[in-house]
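Paired with chain B in one complex and with chain C in the other, chain A is shared by the two complexes that follow.
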Partner chain A sequence: MKIQLTKFDKILLGFIVAGYLAILVYIFATGYHFPKLGDDVGQRWIYQLPFGNSLLSRVNPMTIFMSWAIMIGLITFAASIKVFTVIPGKKQSLIEMLLDYLLGLTKDAVQKEEFVRPTFNIAATLFLFIFIANVISGIPGIQAVPRNGGVVFTIFEDTWYTPTSDLNTNATFAVMVLIISHAFAIKAKGFGKWLKGFFEPFPIMFPMNLIGELAKPVSHSLRLFGNIMGGGLLVLIISYLTKYFLMPTFLWGFFGIFVGSIQALVFTILAIAYIGSVIE
Partner chain B sequence: MKKNPLNFKELGMLNIVFQFGIVVVSNVFVGGLIGYLLMKYAGMGKFWLILFLMLGIFSGLYQGIRYLLKEAEKYEKTDKNGDKGNHSSGNSSTS
Partner chain C sequence: MELGDALVQLGKFIGAGLAMGIGAIGPGVGEGNIGAKAMEAMARQPELIGTLTTRMLLAMAVTESTGLYSLVIAFMILLVG
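== the complex of A and B ==
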């Protein structure tokens, strides 16, 4: 399969790469020291950008690395399926089965024919990314751990760092779904009708409808974050009881692979349901 | 026809209860957050915090019950086509 980028995609990707390069140049120019961290549970490696102390001036480097690693892995996998044939090979039938199931879900939830395809694209993208991100949290790999008052990289001592255990990733996805759903609603119903939807069934219900809409991304993102992050913390805490002998394998399997794949599916189904319910 | 031991639909039914709780709690949270932000940054009195918290609670119950009604309607619909629909639903998911 060939990857095709429009001009807009290229410009956007160029901006992102330029931003990363600027940060890298800044780090090399000023010299980087790993931050001093305590040995508490749940500490993270956080990099402070030179923009003061505002909300957008802190970066979680492991999240960025792992997100890009997963994206590149997915793109390589997609590119490795050479041609889609009538009699599918192993990879093709895996992908077809998975995406077919998602397409069925989308067709059930989204009533308007012309919005099935865009909703499916969003849902499938979210599902593939979150599924891979959750499943690698059940497989031993590279992890950045605060130790000896700094950050240490470990291999096969802990599971892979997963971007979905960072609320920034999940909140981004949830807010994205909220904005996309309302953009679709305005496109489908027209601005006036969309605005009128907030005043149903009575005009006095407006604040409640507004709070209900704003609560969607909160519950949407916190559910995934809580499941993955809480799973990781529980593995750490329960493992103290058995001194890292047998328990982590089972717990990683349970929280990483079982809970992770269910939560990836739930996140996707909810995204489809939110988009579908607003469009109607 | 032999029944499938792992039925995802039934797992989905369990999820409804969980989802109801989450909807209520998140609405209360957002209402309280709006009230708190108004109080802290817009310099409005504590009255607004209480008002928005109450609004959040009402909104949570309203949205939660609406969600439950919608789910009930959905399952009623699938039950109606359900008797002969085991085949048709199977077909639609594989086709």
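== the complex of A and C ==
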């Protein structure tokens, strides 16, 4: 078989080969230090506040910045479609489809009519925040990495920093859902009946019921954390096999966008199910 | 490398391998079951394929989480401390 190349193909191939050669020459001439696996994997930029030395005086600045950035982005988006028209535009129909789907899920899981609306508000808020946070972990952007005792900001080397890859964010959401569900339960059934629910079917089952309730936020938060964090680490390890010669675009797309959107939906559905199961 | 350090490394690698390998059995079996049952349901009622696919992916994501716990544990054994 004879391979036929046009002039354009030859020029393109020449550019690609020249590019690879230039990278090789650069690496060998300057002794470029490849990021070693384990140098900055799982490391975070942690800032120690000036007062105290306890765990509570440490903050994770990137989580705070990115959370506020996502919140401001969502609020700006919401403000841009203030007027809802009868014939929906592009943005409005997207939002209507999404919220309608979530409302349907909430109506299926929550039996009491007066708690459908509050549960839906919580679930939709959680879904929008977590969905945006997960999807930007599939898009190249700004990342802060602690290196050599300082902090290095890398642009387009890695994906955006995600607040959901920090267990603090997920645990906050999960504990919030637990507290809200029990507050709703007290409101719906009254305090005595709610307390009696822990002693069913027999009083001796009380420790089991208590541990069952307390284990909910643990699994709820660790599921999201494990998916996002584990996906990020897997992408790092697989791209380390090719020594960073290839951008792991496909892996970012799979772990960031596909797994991320499914996990956002799973988190939301579980929150609805927890609230719905407690207030019955 | 001292013998003690070498033994620590050995323990780390074996432990991480066991954590990931054994921890992957459960989610594998579970996801297989979900996929098989979903296929049966789809073959019985082909008009529900859209709904069933979404529900199948959701159930798989929930099942997968135990495997991800063991992945996190394996990474922690290898990289932290």
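Criterion: the second predicted complex is superposed on the first by the 234 of 280 C-alpha atoms of A that agree within 3 Å, B and C clash if a C-alpha of one lies under 4 Å from a C-alpha of the other, contacts with A are read in each partner's own complex, and residues count from 1 in each chain.
One rule holds in what follows: a residue touches a chain if its C-beta (ideal position, glycine included) is under 8 Å from a C-beta of that chain, and two chains touch if they have at least 3 such contacts.
Keep in mind it's a predicted model, so treat the numbers as computed, not measured.
By the touch criterion defined above, A:V25 lies against neither chain B nor chain C after alignment on the C-alpha atoms of chain A. In the superposed pair of complexes, A:R223 makes contact with chain B and with chain C alike. In the superposed pair of complexes, A:I72 makes contact with neither chain B nor chain C. Within the superposed three-chain model, A:I211 lies in touch with chain B and out of touch with chain C [touch as defined at top]. In the superposition on chain A, contact of A:G104 is made with chain B only, not with chain C. Once chain A of one complex is fitted onto chain A of the other, the partner contacts of A:V266 extend to both chain B and chain C.
In the superposed model, A:L12 makes contact with neither chain B nor chain C.
On chain A, the surface patch touched by chain B in one complex and by chain C in the other comprises residues 219, 222-223, 262, 266.
Taken together, the chain C residues at the contact with chain A in this complex read 57-58, 61-62, 64-65, 68-69, 71-72, 75, 78-80. Per the touch definition, chain B reaches chain A in the complex via residues 11, 15, 22-23, 25-27, 29-31, 34, 55-56, 58-60, 62-63, 70, 92-94.
Partner chain C is touched in their complex by these residues of chain A: 38, 41-42, 219, 222-223, 225-227, 229-230, 233-234, 259, 262-263, 265-266, 269-270.
Every residue of chain A that touches chain B in the complex is listed here, in rising order: 100-101, 104, 107, 205, 207-209, 211-212, 214-216, 218-219, 222-223, 262, 266, 277.
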